[in-house]
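Chain lettering (A, B and C) follows the sequence in which the chains are written, and residue indices restart at 1 in each chain.
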């Protein structure tokens, strides 16, 4: 069989351990597929979404209830976005716990981290675009956090919201950030990230001289696995969408009207919990930035995993970063659980 | 990996797609309505197709649902669609009435247009409860006279236009008077104004706001889906009874003593033993005589219902020397003719002559007959009553004693 | 240490100069993004005739959001925007509570529980020539 375009996106053969599901968890590949779904459904939604404060929530209702299959498209967009954030985070954790960030891959690790940040920013801006009572406190808190940054806070706030207070331009700004401002750089970094994976010799395994296993698989097998994963993920997304449609609430009447749900979106619950404890700039801006910095710069400081140890979980070299990653992950999970508990 | 797994995967995906397709097709198809008044599409009828028209004056094709009820007009999810409804199921509650029944196009216009129903109703004695409050406060020495100074909630009137009108009422707060009787009154006796939900019990059953009167619950006519969706100007006396004639205040204990019987025979059971009344008072419904101004107020704040009641026997019967006031329906746009058309009781035609009150309110359920007698049709009952003017009858009453109380001397009924 | 070659030096120079151009461009971008093409929301709220507020009464005005109190001395307006991160506080049994991060204030606006550190500010009020109560969204 002549290889197709899609086959040519892959090397002719790769070492079998690079494609072992128990090693990669398929998280990176899933993220690629979810990105395609979220992008495609997003374009569909854009045909109906109206980014004005008066019509935004109504147009979300139109998509959800009136456009044929609109509710399904919106739910698919929602679920693929949530799974995307989850999968990118899982992917990053896998990279830390298998030492795959080591040496020359550490730049690609930075690219990957910026994709995680991008996925979260896109998820948050998309959430705000609902412009209903379910999102208003997240909007108020998220944007006011920017204001707490010394010196540049106010300018940053205006750049994000279009004014010194949340107003008629805010929904347009969030819309543009969501569909262009964040998406375009992310597409570039996304392609760059994949390119670097190829350039760095595929998924991290020991170099050929140190390899114990020499089995290789062809790209036709690889593509077949990817297609199967795409089928199953697609079926999962459809099932989730049918059972739990994307959330929606009554339109926002006034951004300060005390009606909304005060709970942050799930991926920011841990920040909300931190914010209960004090200074917003330190806990809401510096702490998350510090976590990103530790995870991003760590591979540049710590020696990391030896080439011979690559390709397996919890390699003996590079334990320090494994411990850091596990602690941070547990911390975020613990804070999230705390945030979900009823407030005393 | 064998290719068979690809086939299995594809089948799983196909099943999910088919399931999504089935879910989409079994959903009810959205039913669009674009009311001529709002020109905004709404989809309430997707679920509420069976709901009867609320009244002849409010056809759904013209008004739609949202202009009165609010709610999310595009949402097909019941919870979301209903989440922003005004006043829950009752948009006529006075807390939201301005947005629902109000607006200048509807019932919140100017007095000249006779579209000021809301301004009048919310300041009327039935809404402020000022009469009862003034009486109680005077009785227990908290106020020097019977002039109203308090209402159920604070209200002001910038333009007092009548002699009995008061410029404003403060919120009645029982605790501020330091009087156990007044506090008890406040606890036991304040469920009978239009803002209040009624006391428990079938005999008190009514809604709040405009619907307290305009949505009669006796008989309780529910729609196909179990709701009550009706507005009418033909209120039977039973609706007035949910507040009026329900029992007595016991001034000694400051409690409300509900009457123990359920009056069914209007002649024998209805009026309290000392009451003096004539035949039309137990054969007609209250709204057959009592007018819009009497029930909904004239826009001024008053101290007593007596300030606003003005219908007398002579309104319909005239006096020895005068025939009752009448008006001829000459203009299609005349308010009298429009009201007669919207609330069809008698089939009035242009050129017909009907009775009119001293304040110029047309009684569109009446008609002057060619022989000089009168016809009145019960708004709620549809029963026709014929009666003669006093003038030319054998009435021996003094000419200067023509108020109702003098008529009662001879014409009151014996039980 | 080996002397950098002429070519390396020029490359480095080019990078720095282009970097400087990029920084200037970034500054321009930042200026571009932070322009306010429309006025922010109104900072002045006309609450209608001042007489409509009874002496010794309180009223919540959600669009500011603030609680307006009138006593014998005149009007006070207390902001209901949490001083922590700006959610609107809700009236609770012993004052005000913020739904977002759990700050508590007593009925005079003083913080009784963090994370907020500043009391709810009092807003400037005035009665206009026409007798209307005006609340300004700046601190009294």
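We take it that a contact is a pair of C-beta atoms (placed from the backbone, for glycine too) under 8 Å apart; a residue touches a chain by one contact, two chains touch by 3 or more.
The shown structure was predicted, so the numbers you read here are calculated from the model rather than taken from an experiment.
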Look at the interfaces A-C and B-C and say which one is made up of more C-beta pairs in contact. A-C
Central subunit by CA centre of mass proxy: C
Using mean CA coordinates as chain centres, what's the chain A-chain B distance in Å? 58
Between chain A and chain C, what is the separation of their C-alpha centroids in Å? 30
What's the distance between the Cα centroids of chain B and chain C, rounded to whole Å? 46
Which residues of chain C touch chain A in their complex? 30, 33-41, 62-65, 80-81, 84-90, 99-102, 114-115, 117
So in the complex, the part of chain B that touches chain A is made up of which residues? 1, 3, 5-6, 9-10, 12-13, 15-17, 19-20, 23-24, 30, 43, 72, 74-77, 80, 83-84
Mind listing the chain C positions that touch chain B in their complex? 51-52, 54
Chain A contacts chain C in the complex at 137, 140-141, 144-145, 155-156, 158-159, 162-169, 254, 256-258, 262, 272, 275-280, 284, 343
As the complex stands, chain A meets chain B at residues 58, 61-62, 64-66, 68-69, 72, 221, 224-225, 227-228, 231-232, 234-235, 238-239, 241-242, 248-251
